[in-house]
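Chain nomenclature is as follows: A, B and C, assigned in order of appearance, with residue numbering initiated at 1 for each chain independently.
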């Protein structure tokens, strides 16, 4: 009697234990499944990169089966859709570099001045107004900036520079510069605010003014952050599309003169995409070769940025 | 060398203060310039586009006559594309952010994913268009549809959502996590009932900023071959003869606001400038109000942190 | 042993009140600072000794919402109505944590001279060498002047910061817990340096460490809750304090 009760009790215990174990095992299994699903979501970004590389490379390989890389890099004409087709990418690269240069001549000084002003001079009330305004400026769609460049800025510039044509790299580049200002000012300001207060106090204690301290202590201390913000600005300028497609004209033109209209890598891609090129034609492949060139240019700048960052790593 | 006299020191200080004030003036000038650009942009579009701010403008299709042309297909297209984008990007981005903050072990897979996300944020948007053209349009056969466009923009804004999710999660103190784990909750239960709800305002801010960016994007959508002249709407579910399926609209050709503006801006006839201005203003209003909501949310969040 | 003659007055605080916004941090402080002597400020954390020290070179003017009442008189300038920058040019300061600038060792020491508009290389070379010698770091760094200053060790960085402050011949040198981030050997070197420096310059030092105050200072002030409780010769303060609160603090019954 007694022993049966015992064994009964033991078996219930056993039962309970196995229940708990199975619950725990199931719970564990479910946890693993969830982790796998989340990992898959995180892996989408890697797949995106692989997809970009795959698409650009595979179409470019087909392109370079027809056109030699030497011609691609050295030809001075870009007329892929003509009967007498030429594929000199430098024509598009020149437009990209000239417009980016104009943009950076505006964006780097203005962005840096704003960053120094906000981080070292402005009181908190000015900052609280200025930062959202800059954020809004950064949020304006590029097509609206394109409209602004073509229909507002170009006519104003034509008053000052009567020879300026209706489409120009100058006008597009200037507006692109304004667009990039918030990126540079916000990242640079973050970098400067990360400089410890004790370093500034050291300078003020020597009798330095705010500007002297900003230029001789804060900027050198934040230099890698500033460099990173400039690199981001360059990437934005090189990859910007709509402002150029609208305001810089889309004629391929090998030029280093910002007063002329010219196509860029990006605006060429837009131009082709607007047309009706059959999938698999050489014209279709050119946009991938152009896209690959664009990606390589931005990649070079990004590597440069990371190198600068490592070289001037802050040690405070 | 002898020490500077008081007069010399005062002269040095006066020079330094003059430079300080000149720089201050320069800084205020640069900031006002940024503000001026926004004001000029909006004012120009409002003034030029004022005659088009009628109900007809919102309810008419594109037309060869500027005065009769409207933005119906464009704003409907933008909304539908945004819907697909949000549906794809939000779960993916939040899940990825959750994985990287709460689950990921410090190994090479995590490092690769993190470096990759940083680099993706610097890839020009038109390159996403090329990716979508090769993969979604041709490889998967989605064609030049709302689905292709929505997925393209989803990939484009994924880094924004992942980064803001991670920042929001990182702001939650470890004691919340430990408290939940201590009473026997699993990692997933902790995430579901504590981490995600607390991080919600931060995640939402990121989602809104991402969508505001997506709704203004033009280049990738042009690249996948969106049409610029669409005089019809995507099929509504169960409408028409024969009745359309629930998801037929997903595969329909479409146009979006930025493309409509691009189309009108690039026409030689100045009458279309008016349309471009009016449509530009509508797009700006959409984007700026989304950004304003995000900025407000972030401001609110900073004000009432609960711990 | 200390000289018995009356020391000359270098500066003096008179009824100094100080406010961070609404909060009063210093209450009616009166204290003399004697020429070419070391005065130590001691007291528990939050007693206002750093706040008081930073009033001598008007660091509080850098932040909005701070307010002074009363004055700190210097023998030849009134801190209250002189431009804070001018005050800072005459008063050197060494901080709690070494804060070398992200520049070369040479440029760190030359910083204050360049602020004053001095760019003559010969003058700079001379003054930098003299300041580095005075700060007892010349032998260690004379061959590496173009190197980045943040690469030096913590103790070397702090002596570099002292050299930086000395290069402009300040009338008054403020030390804000200069050894709290350093190891005992580096601390001993700094204390020895302070002892040598007082031949040429008046020194005010805030310290947490009472042994340090006893070792380096000629005069000591004990502060508590923003008030100056007791001021006197260091020997007297440590051997027979007049105030019960000073005694409690020194004997370790509080703080």
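Definition applied: a contact is a pair of C-beta atoms (placed from the backbone, for glycine too) under 8 Å apart; a residue touches a chain by one contact, two chains touch by 3 or more.
Being a predicted model, the structure only gives us computed values, none of them experimental.
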item: Far-end chain from subunit A, centres as C-alpha averages; value: C
item: Chain pair with the higher count of C-beta pairs in contact (A-C, B-C); value: A-C
item: Centre distance in Å when subunit A and subunit B are each reduced to the mean of their C-alpha atoms; value: 14
item: Centre distance in Å when subunit B and subunit C are each reduced to the mean of their C-alpha atoms; value: 53
item: Chain centre separation in whole Å, for subunit C relative to subunit A (CA means); value: 48
item: Multi-partner residues of subunit C (each touching 2 or more other chains); value: 85-86, 89, 115-116
item: Multi-chain contact sites of subunit A, meaning residues that touch two or more partners; value: 207-209, 212
item: Residues within subunit B bordering two or more other chains; value: 13, 16-17
item: List of subunit A residues in touch with subunit B within their complex; value: 27, 30-31, 34-35, 37-39, 41-46, 48-49, 51-52, 54-56, 58-59, 110, 113-114, 116-118, 121-122, 130, 132-137, 139-144, 146-148, 150-152, 178, 181-182, 207-212, 232, 235, 238-242, 245-246, 266, 269-270, 273-274, 279, 287-288, 291, 294-295, 298, 302
item: In the complex with subunit B, residue positions of subunit C that touch it; value: 83, 85-86, 89, 115-117, 123, 126-127, 169
item: Contacting residues of subunit C [partner subunit A, same complex]; value: 57, 59, 62, 64, 85-86, 88-89, 91-93, 95-97, 99-103, 111-112, 114-116, 150, 161, 164-165, 168
item: Residue ranges of subunit B in contact with subunit C within the complex; value: 1, 3-4, 6, 9-10, 12-13, 15-17
item: In the complex, subunit B residues that touch subunit A; value: 13, 16-17, 19-20, 23-24, 26-28, 30-31, 33-35, 37-38, 40-41, 44-45, 91-93, 95-96, 98-100, 103-104, 112-113, 116-117, 119-120, 122-131, 133-135, 138, 155, 158-159, 162, 186-188, 209, 212-213, 215-219, 222-225, 228, 258, 261-262, 265-266, 273, 276-277, 280, 283-284, 287-288, 291-292, 295
